[in-house]
Amino acid sequence: MSEPLLNIDSVTKNFGGFTALSNVTTEVQVGERFGLIGPNGSGKTTLINCISGLLNNDGGTITFDGHNLNGMKAHKRTAAGITRTFQIPRPFHSMTVMDNLKIPIEFVSGTGASQAAIAEQAMSILETMGMAEKAHQETSGLTQIELRKLELARAIAAKPKLLISDEAMAGLTGNEVDEVLEILISFNEQGMTIIMIEHIMRAVMQFSHRVICLDAGELIAEGKPDEIVKDKGVERAYLGV
Amino acid sequence: MIILELFINALIAGILLGGFFAALSIGLSICFGLLDTVNIAHPTFIVAAAFCTFILNANFGIDPILAGIIITPLFFGLGWVIYSLYYQFFEKTSAEALRGLAFFFGLLFITEVVLIISFGVDHRLVNAAYIGKSFGGEFAGISVSVPFRLLSAFVVAAILTLGLQMFLDRSFFGRATRAVHQDMMALSLMGVDPVAIKRIAFAIGLGTCGIAGALMIIVIPIEPAVGRLFIGNVFAIVVLGGLGSISGTLIAAMILGIAESMVSTFFGPSWAPAVSFTILLGVLAFRPTGLLGVGDTR
Amino acid sequence: MVELVVKDLVAGYGNVSVLHNVSLDVPNGETVALLGTNGNGKSTLMRCIAGLIKPTEGSITLKDGDRQIDLAACSPKQIVEHGIAMVPEGRRLFPLLTVEDNLTLGAYRAEAREKLAESIDFCFTLFPRLAERKTQQAGSMSGGEQQMLAVARALMSDPKLLLVDEPSVGLAPILVSQMIEKIGELNTSRGLTILMAEQNFNQAIKIADKGYIIVHGEIAFASKDATDLRENDMVKSYYLGV
Amino acid sequence: MIMRYKFEIGCVAFLVLAFILTQLGLNRFFFFAGFAVLQFIMIATAWNILGGYGGYINFGTAGFLGVGSYTSIALIQWSNVSIVPQIIAAAALAGLLGLAIGYFTLRLKGVYFAIATLALAIVLETVVNNWDFVGGAAGISILPTRKPELLGAVIVDRKIGVFGNYKEFLFFLIAGMTIFSVWVARTIEKGKLGRGLNAIKDNEEAAESMGVPTLRLKLIATTISGALMGAAGGIFPSYLTFIDPLTAFNLEFAVYSLAMPMIGGTFTWIGPVLGGLLLGTVQQVAIVTISSELNLLILGVVLVVFVTFAPHGLVGWFMKKN
Amino acid sequence: PVAQAQSKDPIKIGFSMALTGALAGGGKQSLVAMQIWAEDINEQGGILGRSVELVFYDDQTNPKNVPGIYSKLLDVDKVDFVVSGYGTNLIAPAMPVVIDRDIVFMGLFGMNNNGKWNYEKYFQILPAGPSPAVGFSSNWFEAVKTFKPKTIALVAADAEFARNLKEGAVENAKAMGLEIVYNENYPPRTADFTPIVRAVNAKKPDIFYIASYPNGSAGLVRAIAEVGTDAMAVGGGMVGLQYAGLMSGLGPNLNGFLNYDFYVPEPTMNIYPGSKELIDRYQKKVKDEGLKTDALGYYLVPWAYAYVDILGKAVNAVGKIDHDAIAEYIHKTKFTTVVGDVEFGDNGEWTQSRTIAVQYQGIKNNELDQFSQPGTRKIMFPADIQTGEVKPFNSLR
C-alpha cells in the first residue's frame, strides 16, 4: 500500500478538564472517500478542527502528504492542500457569492493569476455546483442549501488534495442530498480525497469507501460501510436499533 | 516600618479608589459590556449628574449622596430616551455598533456644551460633613488614616455594584439582559420583549450615572470637560474585567485602583497610568477576553 | 384545551410573499407534522404563529377553552404568554450563557416562573445529558446537545402548544429517533399539543396524528389522519418525488 | 490606457494643483485650514486601512500620531534634522509600532483590540510625559528651519525659494502625503491585500481556512496604517511649533479618525476622504465663525446627524441615490 | 466730557481664547475683562480716534486650532492687532504666524514663550520677571525663609505650566541650599491624592512646594486635610486656589496654605491703581448679566485688562499703526496700569517679578463673600505690600 495522504496518530484534545478526543489513530489514503460518523458531541468537528488547524491538538501527531502538521498555521495547511467546510456556514457576508470563491483561488490555488482568470475559475466551479445564476448575489439573500453549497464551492475552489466536508447535507432533502453527493463524487473522481462527516446514513453508506466511528472522543470502529453498520458498538452508540 | 505603613495605607487607598472607579464604570459595564452600545459619553453624563448634585447641594443643602439618589431617576429617564433614539436609528436598521460610537461622541459634545451653557466652565465642589476629614489610628504601631470622602464613595459603589451584580445574576430580568445581545430573536421567543429589556437595562446603566456623579463631585472637583479624562479608565476597566461581567468590572476597578495607589506611593504618580494600562495589556495578552470574560471576543 | 387554527394566511419577507393562502388546524392534544422540502415555507409559517413575522392577510387563531385569541394581533411576548413555545430552526441558544441560564430564561413568563424548579427537573430527566452539562456554555456544546437544550428551553415556559422546527437536523441517527420519540412522549405524557416542521418523513410519521405538506407556500396536501398520512399516494408523489 | 490610470492621473493633477495654489500668494488662512483638513483626511485614510478594510478598530490613533510627533521632536532635539527625514523616521517608527501592536494583540478581537490600542496610546503618553529630552509634560517649542534646503534647492524663502512661506511648503508636503496615503489605500483596496483583509473582517476563521494568511495581512495592515499615521504626526511639530503630550496624544484623534470614515463610508477609499473633508471643513469653519462654545455643538450635531441619517456613510448614500 | 470714538472703521483686535476645554475658566474670565476694557477705551475715544472692536474665536484649549485662528484673524478678518489667548501652550502655536507678519504680540500668561524665538515684538503680562520659571516662585521662597527650612518636597502636575513652575522652584530651592527629598509629578487623571501626600510625609520635608492645576489643587488640599502633614509651608504654585468656585468649595481646608497669587483684596494692593474698581465692575457685570464665569475674577481680570490696555496706550502714543514703532515704544516705556507699573525687558517679560506669596488665614466657612474682603489671603511677600506674618502650616489648621 502506498503512503497514506493523512495520518492521524494518537491525537488528543482537551477543553479544560473535558477530553473531546482521546488517542484517535487512523489514516486516509490518497483518493479515498472517507466517512466520519459518531454521535453528537463525539468529537468529529473537533477532529477536523485539529486537522485543518483551527485548533491545535494537545497530543499526538497529524501528518499530511509527508508534512508534520503540528503547530502549522491553518492557512499553511490550506496551501498544503487541506480545506474544510464549516458545519454552520460561514460565508464572507459582505461579498458576493463570486467574490467568496475568489478568496481561496487568489490566495491558494491560483496565486498570481489575473483577475479575469480567477473570475473564470470561480465561475466554472459555480457552474458545476449549479449556482452560476447566484454568482453576483450577496450571500445574505441565500437559502440554507445555497449557503451549504457555497461552503462546498468555496472549499473546492482552493483545489485541495483533501476536502473535509462537515455535515454539508444536514437539513437537505433526499434529492438535494443526491445532488451534493454527485458533486462530491465527481470531484473525488478527479482525484480529490474527501472526508465526509454526515449523520445521514444513506449518504454515508453510498459515498464512503471506508468509515470510522467516534464515540465520546474515542475511535470505536473502522471499516467498510457495510461492516460498520453491523458493528455492535456503532449500533449501540450511534445508529440505535 | 515606614514602608509597611505606606504599603498598608496605599492598599487601603487603592481599594477605596477602586470603589470609586467601579462606580464610574459600572453603568458602562451594562451599556457597553452587555448591550453593545459604545457609550463613550458615559463619563460626561456622570459629570452632568455631578453638576446636578452640585445644584442640589449648593442651593438646598442636600447631602451629595442623597442628591445623587434623588437625581438617579432623572438619569434613568434620560437613558430611556437616549436608548429609544439609539434603537430607532441604529439597532432597528442593524447598523454597526461602531456607528453608535460616533453617535455617542456627538452626544458627548452636545452634553458638554449644554453643561457649559448652564453651569459655566468653572470648577465646582460640594461640601458635606464627611468631606475633608478622615478617621484612623494606630494599630500595632502602624498609623492608618482613611478619608471619609473616599470611604463613602467606596461604600456606595460597593453597594451599587454588588446590588447590580446580584440583580443581573439572579433575576429573570438580569438573565434576559445578559442574553439580549446574543440573540434578540430567541429572546422574544421566551416571551421577553428584547427592546424593552435593552431600554430598561440601558436606562439602569445611565441611571448609575446619577449616583456616580454624586461620588465624582465628592471625590474630585468637576468642570464640564472633566469627563474626558476618565474615558480611558472606564473603558479599560470594563474590558479588563471582561465584557458582560459586573463582578469582573469590580475586580478590574480594584486592580487599577490599587495599582495606581501603589505606584503613586512608591514610584511616583507620574507612572501610574503607564502601569495601569500595561496591566491591561498584559492581561489581554494572556486572557484575550479579560479577567472574567466568557469566551466572547466581540 | 387549545386548538390552533390558521386560515388563508399570506405572509413573507419584505415584498416577497412566501406563504399563499395557507390554512391548517392543530387540534388539542394532537401532534401535527408539517412536511415539505427546503424553502417551501415551513419555517415561515412557524415564525408567523410565533409572532416573529406579521402576516399580510388571513388569521391565526388560538382557541383556548372558550376564548378565541387572534394571534396575528399579538406580539411574540403575548403569544408566549398565551402558552405557545417554539423551538426555532437553528436552535438559537444564548451561546454565552450556561445551560442552566438558558433553561431558566425559558421560564421567563410569569406563570412559568412559579414552576421553575419543577420544569428544570423535568427537563433534566428528559435529557440527562443536560444535567451533566449544567454549567457549560451553551455555545460550546455539540450540535446534538444544543438541539436538546433548545427543546428543553422551549418546554420551560410550560406551554400548551409547542412549535418545533426541524428537531432532527444534524442529529445522529440514534438521536433522531430519540428526539422524535421524546417529542412524541411529551405529547402523550403531558398532553402537549404539537406542531412539528420536519422533512424527515419517516421519522415524522412515527408520532404524527396528522400532517400537512406544504409546497411553494401552499398547502398541497392535508391528511385526514395518521393512516392517511402514511399511506396516501399523494404524499409520496408530493414529498418523496416518486 | 488613459482610463486605466485615471486615478493616478487624478493624483498627479491634484498635486500640481496644490503646488500652483502655493504659488498664487493666496490668503494664508487657506493653507492653515487646508493643512488641518488634509491632515484629517490622511489620518482617516490611514485608519481605514485597518479599520475599514480589516475590521480591526484602532482606538489608539493618538498613540501613532504621538509617536510620529515625538520622533520628529527627538530628531530636532538631537541634531536639528530637517523635515523630510523627520517625517520618514516618524513613519518608520510608527510603522514598527504598528507591527509590534499587530504581534502583541494578534489574539485580540473587536473591542478588546480597540481598547488595547487605546491603552498603548496612554502608556506611550506617560512615557513621553516623563521624557525630559523631548520636553516632557511641559511640552516643547521648536523653531522650524527658516530656510530648509532639499537636494540643494532652497525650499522656503520669500524671494528665492520654491515656496514663499513655510506654511505653503507644509501645505504642499501634507498634500503630497495625503495623496500618497489615498493612493496606498486605494491600491490596497483594489488588490489582494484588500480582499484578504475584507475576508478577515467578515470571518477570520473562515478566511484562515480558505488560505488567507490572516496574521501576515493584519501585520501588514497595522504597519502601513501605523506608518501613515506616524507620518501625519511627524509633520505636526513643524506646523504647531509647540508640542506637548496633551496635544500630541489627544484622545480627540482617536474619535475623529474613526468618525470620519464612518461618516464617509468605510468600505472604499473615497469614504474617509469625504468624511475627512466634511468633518475637517466643518471643524475649521465652525471654529472661526462661531466665537463661543457653540462651535463644539455644531460638531456634535454634525456627527449625530450624519451617522444617523447616512447609515452606510456618504458613499453609501450616494450609491443608493444612483 | 469724553470724546466718543468715531464710528468710522473700527480698530480690530483679534485673539483666540479658551472658552471651552481645560483652560476655559481663565479664558472666559479674561474675555470679560477685555470686553470691559473695550468699553472703557471706546468711551475714552478709542484708539487713534477709532473705536475698538474685539474679534475672537474659541480655541477649545487645543493648540491645534490656534495657527488657523490667527491666520484667519490676520488674513480674512484683517484685524489690526492680535493679542494672545490664555496660557503658554495656546500662545506658542501663534508665535510663528505672528512672527511671520512681524507684528506686535501681547501675551497673556505665557511661561517663557519667547525663550527660543527671541522675538522683539512679543510682550507678556504674567508678572514673573525676566526669567519667568524662576521668578514665579522666588517670592514664595523668600516668604518661607522665616522657617529656616532644610528639606523640600516638590510635586507638580504633568502639564506644561506646572512643570515649568516646578523647574523654577527647583532652581530656587537649590539656590537656597535646600535638600530635595521628594520630586515627582502626577498625571492629570489622578483622582486620589492621599498616596502622594503620604509618600511626601514619609520623607518629612520642612516645606512642600506644589505646582498643580485646579483638579490637583483641590485634590491635594483635601488630601492634606485628611492625611495631614508636618511641613511648615505648603503650596506655592497651586493654580485654581484663586478661583471663586474652588475657594468657596474648599473653605476652611485652605487655611495655612501658602500660595502664589497676583492680586488679592488686601489694602496694600492699592499700588495697582484702579484695580479695585475694575474688579468691582467685573463682579457687578457677572452678577447683573448672569455670566457663567468666575464670580470674583481676582486671578485674571486685571491682567487681561492690562495687556490690551498697554497695547492701546502704546498705539495711541505712537499715533499710527506702525508695529516697529509700537514695539519700540513698549520696550522703552514704563506703563501705569491696573496692575501697577509695568516695564518689559528685552525678551518681552517683566523686568522684575511681582508674583505675590499669600497665606490663607481665618477662613471660617464656605461663604464666597469672605474672599472679597481683606483678611482671608494675607500678603506675605514682597515686603513692600506685606499684610501679615507667615505662620507654620499646622498652626493655622
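Think of it as A, B, C, D and E in the order they're written, each chain with its own count starting at 1.
Convention: a contact is a pair of C-beta atoms (placed from the backbone, for glycine too) under 8 Å apart; a residue touches a chain by one contact, two chains touch by 3 or more.
Treat the numbers as computed from the prediction; the structure is a model and nothing was measured.
> Moving only from a chain to one it touches, give the least number of moves from chain C to chain E.
The fewest steps needed to get from chain C to chain E is 2.
> Under the touch criterion given at the top, what is the topological distance in steps from chain D to chain E?
Minimal hop count between chain D and chain E: 1.
> Which one of the chains is closest to the middle, using the mean of its C-alpha atoms?
Of all chains shown, the one whose C-alpha centroid lies nearest the global centroid is B.
> Comparing centres built from CA atoms, which chain ends up most distant from chain B?
A
> Find the chain most remote from chain D, comparing centres computed as mean CA coordinates.
That would be chain C.
> Return the distance between the CA-based centres of chain A and chain D, expressed in whole Å.
That gives a centre separation of 44 Å.
> Report the inter-chain centroid distance for chain B and chain E in whole angstrom, where each centroid is the mean of the CA atoms.
Roughly 35 Å separates the two chain centres.
> So the centre of each chain is just the mean of its C-alpha atoms; given that, what is the distance between chain C and chain D in Å?
Spacing between the chain centres: roughly 54 Å.
> Taking each chain's centre as the mean of its CA atoms, how far is chain B from chain D in angstrom?
About 32 Å separates the centre of chain B from that of chain D.
> So which bits of chain C are touching at least two other chains?
140
> Where in chain E do residues touch two or more of the other chains?
In chain E, 19-20, 158, 185, 187-188 touch at least two other chains.
> Counting only residues that touch at least two other chains, what does the list for chain D look like?
Residues 126, 129-130, 137, 293, 296 of chain D touch two or more partner chains.
> Every touching chain pair, please?
Inter-chain contacts occur between A-C, A-D, B-C, B-D, B-E, D-E.
> Write out the stretch or stretches of chain D touching chain A in their complex.
192, 195-196, 198-199, 201-203, 205-215, 267
> List the residues on chain C that touch chain A in their complex, please.
37-39, 140-145, 147, 166, 169-178, 199, 240-241
> Along chain B, where are the residues that touch chain E in the complex?
The touching residues are 2, 5-6, 9-10, 13-14, 16-17, 20-21, 112-113, 116-127, 131-134, 145, 147-150, 219-221, 223-226, 229-230, 232-233, 260-262, 264-266, 268-270, 272-273.
> Spell out the part of chain A that touches chain D in their complex, as residue ranges.
Within the complex, chain A touches chain D at residues 52-54, 73-76, 78-79, 83-84, 86, 90-95, 99, 102-104, 106-108, 154-155, 158.
> Spell out the residues on chain E that touch chain B in their complex, using ranges where they run on.
Against chain B, the touching part of chain E is residues 19-22, 24-25, 27-28, 158, 184-192, 194-196, 198-199, 202, 214-215, 218-219, 222-223, 225-228, 240, 243-246, 249-251, 253, 291-294, 366.
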